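Note that the chains take the letters A, B, C, D and E in the order they are written out, and that residue 1 is the start of every chain.
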Amino acid sequence: MGASPGQLIVPEDAPAPTVRVLSYRADGLEERTVEDLSALREFIEAPERIVWIDIEGFGNRSVLEQIGEALSIHPLAMADVVNVPQRPKAELHDGLLLLVAQMARVTHMGIVDIEQVSFVLGSGWVASFQERPGDVFDPVRARIRASTSRIRQMGADYLMYALIDAVIDGYYPVVETIAGVLDALEEQVITDPSHASLARIYATRRTLMNLHRVQWGQRDALHAILRDEEMPFSEGVKPYLRDAHDHAFQILDSIESYRDMVVGLIDLHLSSSSHRMNEVMKTLTIVATIFIPLTFLAGIYGMNFEYMPELRWHWAYPAFWASVVGLGAGLLLWFRHRGWIGNQPEGD
Amino acid sequence: MGASPGQLIVPEDAPAPTVRVLSYRADGLEERTVEDLSALREFIEAPERIVWIDIEGFGNRSVLEQIGEALSIHPLAMADVVNVPQRPKAELHDGLLLLVAQMARVTHMGIVDIEQVSFVLGSGWVASFQERPGDVFDPVRARIRASTSRIRQMGADYLMYALIDAVIDGYYPVVETIAGVLDALEEQVITDPSHASLARIYATRRTLMNLHRVQWGQRDALHAILRDEEMPFSEGVKPYLRDAHDHAFQILDSIESYRDMVVGLIDLHLSSSSHRMNEVMKTLTIVATIFIPLTFLAGIYGMNFEYMPELRWHWAYPAFWASVVGLGAGLLLWFRHRGWIGNQPEGD
Amino acid sequence: MGASPGQLIVPEDAPAPTVRVLSYRADGLEERTVEDLSALREFIEAPERIVWIDIEGFGNRSVLEQIGEALSIHPLAMADVVNVPQRPKAELHDGLLLLVAQMARVTHMGIVDIEQVSFVLGSGWVASFQERPGDVFDPVRARIRASTSRIRQMGADYLMYALIDAVIDGYYPVVETIAGVLDALEEQVITDPSHASLARIYATRRTLMNLHRVQWGQRDALHAILRDEEMPFSEGVKPYLRDAHDHAFQILDSIESYRDMVVGLIDLHLSSSSHRMNEVMKTLTIVATIFIPLTFLAGIYGMNFEYMPELRWHWAYPAFWASVVGLGAGLLLWFRHRGWIGNQPEGD
Amino acid sequence: MGASPGQLIVPEDAPAPTVRVLSYRADGLEERTVEDLSALREFIEAPERIVWIDIEGFGNRSVLEQIGEALSIHPLAMADVVNVPQRPKAELHDGLLLLVAQMARVTHMGIVDIEQVSFVLGSGWVASFQERPGDVFDPVRARIRASTSRIRQMGADYLMYALIDAVIDGYYPVVETIAGVLDALEEQVITDPSHASLARIYATRRTLMNLHRVQWGQRDALHAILRDEEMPFSEGVKPYLRDAHDHAFQILDSIESYRDMVVGLIDLHLSSSSHRMNEVMKTLTIVATIFIPLTFLAGIYGMNFEYMPELRWHWAYPAFWASVVGLGAGLLLWFRHRGWIGNQPEGD
Amino acid sequence: MGASPGQLIVPEDAPAPTVRVLSYRADGLEERTVEDLSALREFIEAPERIVWIDIEGFGNRSVLEQIGEALSIHPLAMADVVNVPQRPKAELHDGLLLLVAQMARVTHMGIVDIEQVSFVLGSGWVASFQERPGDVFDPVRARIRASTSRIRQMGADYLMYALIDAVIDGYYPVVETIAGVLDALEEQVITDPSHASLARIYATRRTLMNLHRVQWGQRDALHAILRDEEMPFSEGVKPYLRDAHDHAFQILDSIESYRDMVVGLIDLHLSSSSHRMNEVMKTLTIVATIFIPLTFLAGIYGMNFEYMPELRWHWAYPAFWASVVGLGAGLLLWFRHRGWIGNQPEGD
């Protein structure tokens, strides 16, 4: 942590960077994987073309430094890009716009994975950086490849918007997955309020909190872009950005209502667990309340006093049984009357 | 979700659109269902008339696109209208005011249903869009049909206000219904603090949260309209808008006090359920505390020691019974003294 | 609710309106009950006199409309006055200041009753409206009748202030009543944590919440008046208004500290109720822990094994009693050591 | 409460006012108790001298009114001074600065006592008012009496600062006392979670809330003074005022962390009380679980069936004892394994 | 506490001050421990050199006063430096920037220790003050000693930034340590929800609260520096400061998510402890519910009625055993069916 400011700290297990370039204009498209980084300069200086430089993998520090130099990105901006994770933010560095965002995805194992993706918007080009391969940009690529799409008519700022929009829209399926998890947990909490389900509720709560935090940051960054006159977005693109901003807000709304649902689940867990305790105690009480007095009665006639006239009566034993059964039945009726047994009034 | 921005996503099961037009001036009124969408243009360009275009049903994408074109509504605004649900908001797009609102209604089954209704205010016309037929605008239609009503003297901005006001006033009966549900739940929680009632409390809480969220959004949108000088409302209509804004605020107040009541109900449920537990435990304790010592006593005289002088006394057995009854009665008195039995001091 | 805006909705059971006029200047005073509403105009146009028009009872719509017209009050302002309850607010309508306030009083049955009172301040006159007779203005009337009082030297804005001040000061006894209720509840919660007391705590909490809401609104309205340059208050009256504003703030402070006290009471109720449960369980445990082992011991010597040498020993029975008493005493001492019995360490 | 505005309401049991004057300049000092109030005017008009008028005791209304007149204090300002308690605030009245503050002290009985002290800053003089004798200003008096101290070189605004600073610094020992109380309560809650300790926790919480409220008000008032250009403080004194403001903030920080500690104590009380319940229940369960089956076993061999072969076996009785001891020991081991008995794993 | 403002209060047990000076320019470096304080003046007036004066130990008041005079630091600023602890803040005093910060470190015993460190930035020099030796500045010293590092090319404002950055980055390992503590506590809470673990949870919560408070203050101070035009930082250094500000924000994010985790742990403790109670109660209920009825049965046949035909049947005793075993097994199956015993459905 005693590193100089602006120093790139490369994660140990990250894959080596690959640089793909997508260069297009209304009537042409070129896709290429770039090996020679010095060629980047040419790409971004090509007139009349919009260039998307897509960098995946942070496994090689010097390559990243070369990319930063080729694109004239400020060292501190490069550090924000590489030294993940950072808070989402939008900053201007020497005329280039740096936007740090967070992609959310659900992995195979149902875990929500948040990965930083950073964008740099220059004049006529956008560079996107992410630590590992795999992203949410395939629909954007498809739209670029379709020669009639709007994206082919517009500038680099619209490309930037389209990428941000893809990141934000990527939260919708994540939030829906969590909704499903919460429904399953609700079921489970009522039938079996175990420690394991409580732990899962808290894990979901923490996931929601993380999603809220990063999405809130992204909404903030978009808000800052919309408000700031110096941001390199044309008037024609701003309504689209505002649309993306509204989407971010809607996702925040959903996240908040799921957070509220989690609070309800925790209360329900508590109530469900105390309900089970109630059931246990009621069982004990019913059994003990019926049999302890009866046992006393049996104890009476097990005493060895010499003078106990009942012992000699002929009908004493049947009468004893009759009173035992009568007492037991009476208590059962009383318990039913109090709602402790019978048609499950506790709504199990 | 990888759709292009501004793309209309039509719900699968939505009914086909019907377009009704209500065109009026102080001295005349025309109502029509429009089939040929190109006629819309004529309507809105008719001088001196106020036109209300009422579109219900989102079942056909191309029809919606044609309507959007006929009324020159920006594609992003049309997307906000059609791709429900959106957050309530007020936005200007090329001189047209888009207002996204949410109607609330109670269905037959007592469920609160929130449906988006969007308004576009142009020069001399208002268009209203909703996904399904059925709305809260009948009083507005009745007022338009009454030739002496104020609405016939005023411009399209007043019509817009009247529609918003109808949406907001539609929350009053919804909130009253919820008040009734809460009263019933309070009753139920005290008599039978079951899981089912807790679940209903949480469901009501979520409904209130949703109502609060959308109503808050509407209040915000109205506030933005009142504050923003560019909004196409005349000075004569602004006091009415402020009135609608105050109504929205009042409804928010009610919702907040019901949310507070829900918090109270949850605590009451907890207390009620622990009260029942207390009752169960007291029953057990009273029975066990009386009979366990007595059973011990009976056990004593059931022992088979050769030398137990009491066994041979003639009055031993009656004396045993006397002491049993005395001990039992003493314990009952003690329990009564402690308030565990008797005139129900727990205020059940 | 589908009513036109500005329509007066008269409560069904409200008494018919009575209009009393108090017209004064430094050297003269006239009090009258007005039947002929057209005379109102004359009153308010009388030069050099301050006029207080005091309207009580909303039972007749047309009378209220005539009053509104006679005083030139905007229909929306009249609707805010009549269609109770509204949020407290201060609004200018065509040069007249409308202030909606809420009077709080404690009824005979100890219930806090909140009733709307609205003021309209014109040039040289103040009109006050309330739904039912009975108000907090008697001290103001007394001050007006005293020819030497400051109120007789000042303008209509000072009269308006005096009325608002009376409304706000009327909260002090209400808040004190609630303080008394809370003290009684605290006593009750410790001695008898019943459902009924919990319900009363929640009722008090709701009352406090309502008082807070309306008082907060009044404070806001006063703040708006103080901040807004256009409000028709002279510089000489503003310090008085600021004083009333400070009183409103102080009452809010009290209400907030009582709300906090209510939170403490709810916790105390929970703790008190679990304390009682503890007492019950301890009783059960003490009795059962002493007698169950003893009963076992008695059971041993009630067995019918042929070879049980103890049964024949002469001192066996006394020895049995000795060990029973010894065991019982030992357990009692142990319970005392653990603090379960004896000098009530639970602080009952 | 129906009093005229600006009317002084003298507390019934307050002592009669004493007026002490401390008049000084760099090279001279005069201390006097003033009986003739008309002399006050002379004091404050003495050129080149700084005058501190120290009024203690509100027991005489006309004396207070004379003081107000002699110092030309606005009647509403005098009402704020005398009609305690008021919220802390800073207000300009006709060029005089009124500052209402609250002194906090710990009484002999360990109760925190909050008393209002008000300051009026005029040109060359400061007046301080408090209801009862006894204050926190002795260090200030000592500094004034020391002819070399900075206070002797500076103006009345510095004197005002020094008094405010003494008030704020007086909160440090109060907060430390509360810290001690909380430490003692923490100890007590773990060893004996009684009702009494819960009540003391809530009392401490209320004290902290009151301290927070008044200190927050004082911080606000100081902030207003620092921000407002019209306030009669010279540039040389402002850094000192900012210092006092920082102290107020620091005390607020401490209060907030103690409030947080109180929340922890309430939770600890709950946990401690449920821990004791756990202990009780475990004792019951251990005893019952061991002896109830054994009693059953003894019951078996107390039966009177004619054909029970075991009864005649010679080793049956010793074998019975052996199995009883074995069963008991086995259950004890099982309980120990589950952590219910033995090396106190509950961390009592 | 009655001290004059600006008076230095030296902690009793603090070590004597040592003053080390690090003076450098791009091509030269000088490190020295200064004994003669009058030499300080020369150092800071040396042209073209950046000077870092590193003062450790507050044990001697007059030495500190001499340092303050030599560096022309305002007495109130010196008081903020010496009278620890203060809230983090940034203030300009006569052209010098005072920044009060708080260093956090984990001690050997795993306790988080927060120590104030203050910086004064003059023209060409930075002074750092701390109460005790031992700091987080070694990486900064190393970078200064490396002749090629950026710090050697930049001015005193960059040195100031580097020191602040070191302070803020020092929070990362602290926060990680707490994360480890929380993981261990989570483990412990599930296996053994003792009082001790609850106390440790609350201690961690308080630590997090303190860290949050000081870090929030530092973030605020940095924000104030960035926003305030008068602050003596060049444009080239501002992006670095913004970077440090972002780091502070990120640490706050982590602290907040750990605070949330603590809330979850407290709930888990409650749930874990009630789970254990449930286990205890279930054990009691199972044993009692099985054996109490069986004991009653045995009691029946221990009675001494003369006429009890079953007693004479030959198979009665074996039949008794059969029914006992059958009843017991039936109850066990029923308990298993209800999930009270068997494959641990409570997810322990």
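The rule is short, and it goes like this: a residue touches a chain if its C-beta (ideal position, glycine included) is under 8 Å from a C-beta of that chain, and two chains touch if they have at least 3 such contacts.
Everything numeric here is computed off the predicted structure, so don't read it as measured data.
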The chains touching both subunit A and subunit D are E
Nearest 5 degrees, what's the C-alpha rotation angle taking subunit B to subunit C?
-> 70
Inter-centroid spacing, subunit E versus subunit D (mean Cα positions, whole Å) | 26
Once you find the CA centre of subunit C and the CA centre of subunit E, what distance in Å lies between them?
-> 43
Please list all residues of subunit E that touch 2 or more other chains.
-> 270, 274, 277, 281, 284, 288, 292, 295, 299, 302-304, 308
From subunit C, heading first to subunit D, list each chain in turn around the ring.
-> C, D, E, A, B
Which residues, counting only subunit A, touch subunit B once they are in their complex?
-> 138-140, 142-143, 149-150, 161-162, 165-166, 169-170, 172-173, 190, 239-240, 242-243, 246, 249-250, 253, 257, 260-261, 264, 267-268, 271-272, 274-275, 277-278, 281-282, 284-285, 288-289, 292-293, 295-296, 299-300, 302-308, 338-340, 345-348
Where on subunit D does subunit C make contact in their complex?
-> 1-6, 74, 76, 79-80, 86-87, 89, 91, 93, 192, 194-199, 202, 205-206, 209-210, 213, 266, 269-270, 273-274, 276-277, 279-281, 283-284, 287-288, 291-292, 294-295, 298-299, 301-304, 308, 310-314, 316-317, 320
